[in-house]
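Okay, here's the structure, questions in a sec.
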Amino acid sequence: MSSKSFYALIAGVGPGTGRSVALRFAQKYPVVLLARRPESYESTLADVQKAGGKAIGVSADVGDAASLKKAFETINKELPNSQLAAAIYNVGSGGFAKKPFLELTENDLNASIDGSIRAFFNFAQATIPHLLEAVPNSHYPPTLILTGATASIKGSAQFSTFAAGKWGQRAMHQSLAREFGPKGVHIAHAVIDGIIDIPRTKQWAANDGVEDGKISPDAIAEAYWNLHTQHRSAFTQEIDIRPYVEKW
Amino acid sequence: MSSKSFYALIAGVGPGTGRSVALRFAQKYPVVLLARRPESYESTLADVQKAGGKAIGVSADVGDAASLKKAFETINKELPNSQLAAAIYNVGSGGFAKKPFLELTENDLNASIDGSIRAFFNFAQATIPHLLEAVPNSHYPPTLILTGATASIKGSAQFSTFAAGKWGQRAMHQSLAREFGPKGVHIAHAVIDGIIDIPRTKQWAANDGVEDGKISPDAIAEAYWNLHTQHRSAFTQEIDIRPYVEKW
Amino acid sequence: MSSKSFYALIAGVGPGTGRSVALRFAQKYPVVLLARRPESYESTLADVQKAGGKAIGVSADVGDAASLKKAFETINKELPNSQLAAAIYNVGSGGFAKKPFLELTENDLNASIDGSIRAFFNFAQATIPHLLEAVPNSHYPPTLILTGATASIKGSAQFSTFAAGKWGQRAMHQSLAREFGPKGVHIAHAVIDGIIDIPRTKQWAANDGVEDGKISPDAIAEAYWNLHTQHRSAFTQEIDIRPYVEKW
Amino acid sequence: MSSKSFYALIAGVGPGTGRSVALRFAQKYPVVLLARRPESYESTLADVQKAGGKAIGVSADVGDAASLKKAFETINKELPNSQLAAAIYNVGSGGFAKKPFLELTENDLNASIDGSIRAFFNFAQATIPHLLEAVPNSHYPPTLILTGATASIKGSAQFSTFAAGKWGQRAMHQSLAREFGPKGVHIAHAVIDGIIDIPRTKQWAANDGVEDGKISPDAIAEAYWNLHTQHRSAFTQEIDIRPYVEKW
């Protein structure tokens, strides 16, 4: 089967990593951009099209199984006879909160659990069957990539709920790698250990303002593409990504 | 202040680790046994009393902040002028499920999240203020101990939701250690990497049935007591516990 | 400065990973093949030349500082005005030994220490000054890549001396990443967690003989190339590589 | 067999952790103090005797197999019919060096390798046969305890050779735990993650001079005793020890 009958699905497509990933994967596949509201994917959609790629925006809530199911119906209509080559989970973790533990509320906890664990659970349950279907046909092993963070590997002081969500997400991901790797699906995790250079972080100090002290989202996208194209005899399950000047 | 004005609180007091911990800590403190229903703590209560210790049973749901608040009101009435020397979180993780990922339901996920992350969050928020209060007076640094499992450090295939909960719990715990250690509260985690030798596991095979191939709950209790009595200049945040014959 | 004034240096160039790495990097750079004896690099040299690349073989002992110094003098003569873009340390660890601990000899220990720690120490001391020199000019950040193994992250029973050497090597590498990353040199480690599909392992069982159950050396080479070409704002320090069917 | 036919062996018995360990284990066993020169063990020897314990000083070089063999001959003469209940490896790592990598010499590397890996290798090879012999008779599982450091788990910048030695030591230790645990010998590692409060560190700043900001060596000794007395169904392989105010 030729490569044109595959597509990539990206959840979390704001003007940062998601946009770069969309542009990178659109060099090879039509890309489906998932976001709750059209205004979240519209600018990336336009950028992909301007770059000569094919992109489709679909409004869906990754935290809601029914909404994802409906999204795939839409995708199947828009891209008939296409299979899922890559699913990128890059949804911002709603539960980010730096707070003394005793000031955290149940809402803070829920935001992290729902944003990091529950939404990824739903996304993985919705996408893995499609990835499995693509195994016999796809040129590159069908791939599920998860964007992690420093908090995925370290429970720092005052990040208790956020870290709980990110560690939970990473645990689930590791379990999926062990279950679905042998079935030919590549499950990969990127620990983004630094501040990404996106509009939202423009004013943030990072590494004393040194050049390239924030992570280029295009560089992340390139790393994701490299993960996707790995041979199945040589899967990487986890990479770290950080600026050369980062303390760690 | 003398040691008789302190008490230990144990959540999860069935006839296994919880019972052994209650008996061990009752050699020094009155122990408060928390369980949803009296029938869960009654036999341990009787055992402590038979051994000459003081025990109080309190019915409460550790997953419910209001219920825990009420439990502390009861404790304050029963043990006036007493401070919390040690809180042991040994609640069985309701979310244990070994299942292919695509067969897991939202209920499985919720059971793990609620049992491992949410309940521990509530327990920690309810107990830490009491532990902080005891810092200036207690002989041993006030201590919060969490019972972890193999799934707290490894995301095995088919344990995706369970591992997500246990990793989330461990992340939260590690964050608390960094936040409350400097305030004098000892936050300690025990990774129980093997099958505990309790009534419920009598029929389980473990390490080919070799003698002492399952973990003695009394030995766990001794390790917890040793954690509790550590000097604040030498806190241990995490230990592993496994049978000598365990593969790991 | 144009890309033609850079070269890659590969230590460990037998007919496996080293050969594949040489072929991959030779698509962009002249490659220098280091080995103790010419017969170790000759076939790879011929393969690179047949593929249209430029290769130079240099006889040197990576475990010997003086020998490496002399090797660089030879390189400077053969490739005048060229700078070191990438140094790949892929030397087989002479100290591989699976033995009960009490049967291990001092020779086993020395073989592992010399092969893994000492030789890498010498190699890193010899190459890093050259990599630092190339920082201002090179298109991709100058890169030092180390080939690791399962034993780099796990001390399995009966692998005590081998694991000691590999962990020691990894520790040194991690320290180098923290020291030289901020100076613009990319220090990257690949944990090869499986059997590589090379002539020497043809008869080895791996993953029940399933297709692609051994790691393709070309896939490793591709991963190394991807590490080398990462942007300095997004360095990966460590990746794992294993067959999709590997148990871990 | 009664407890008086067992002894503990402590290598590294200067006026810090070693002295505290000697005093603690001497409450139960005669202790053998190993050091290169008598002046290194004499003051600890006197302290143990003053406290009513039995101690024997033996001059030996733990890095030299022949010297250790001779030490055991001496021990067998001094303590006939006694078995080894616990061996504590607390030798200061001669290879401590904080230096830019390119300024490190082969001597620095050798000091770390010899002090951390080779000496522990010799010590383990010499003591494990004695520990195995004691398995059927001893009350507590015969125990080999290794003192680790922050550098055993982190390769910080400018600690490349020191970390290489400490990681190597830890790898070897982990392998021994997997090999000899099933044979009844308890192999335990303590990661001492902070500055120990000993004469040599009196002038060192630690945690801004806050009270108990340095680790009490008596507290370490207590932790080691607790490791030694663990039931074989509940071995701990690794603990961390750090001051409550330590950043980590």
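So that you can tell them apart, the chains are marked A, B, C and D in the order they are listed, and the count of residues begins at 1 in each.
Heads up, the rule we're going with is that a contact is a pair of C-beta atoms (placed from the backbone, for glycine too) under 8 Å apart; a residue touches a chain by one contact, two chains touch by 3 or more.
Only a predicted model underlies this, so the values are computations on that prediction, with no experimental measurement involved.
If you take the chains that touch chain C and keep only those that also touch chain D, what is left?
Correct list: empty, since no chain touches both.
If we define chain centres by averaging CA atoms, which chain lands farthest from chain D? Would you check?
Using the mean of the C-alpha atoms as each chain's centre, the farthest one from chain D is A.
Express in whole angstrom the distance between the two chain centres, defined as the mean CA positions of chain B and chain C.
Distance between chain centres, rounded to whole Å: 46 Å.
Averaging over Cα atoms per chain, report the distance between chain B and chain D in Å.
Comparing mean C-alpha positions, chain D is 31 Å from chain B.
Compute the distance, rounded to whole Å, between the mean C-alpha positions of chain A and chain B.
Chain centres of chain A and chain B, defined by C-alpha means, are spaced 35 Å apart.
For chain C, give me the residues that contact two or more of the other chains.
Residues 178.
Is the chain-to-chain touch network here best called a line, a ring, a star, complete, or other?
If you draw each chain as a dot and join those that touch, you get a single closed ring.
Under the stated contact criterion, what part of chain C meets chain A in this complex?
Against chain A, chain C makes touches at 141, 178, 181-182, 184, 186, 197, 212-216, 218-220, 222-223, 226, 229-246, 248.
Taking the touch rule as given, give the residues of chain A at its contact with chain B in the complex, in rising order.
Against chain B, the touching part of chain A is residues 65, 100-102, 104, 106, 109, 113, 117-118, 121, 124-125, 128-129, 151, 154-161, 163-180.
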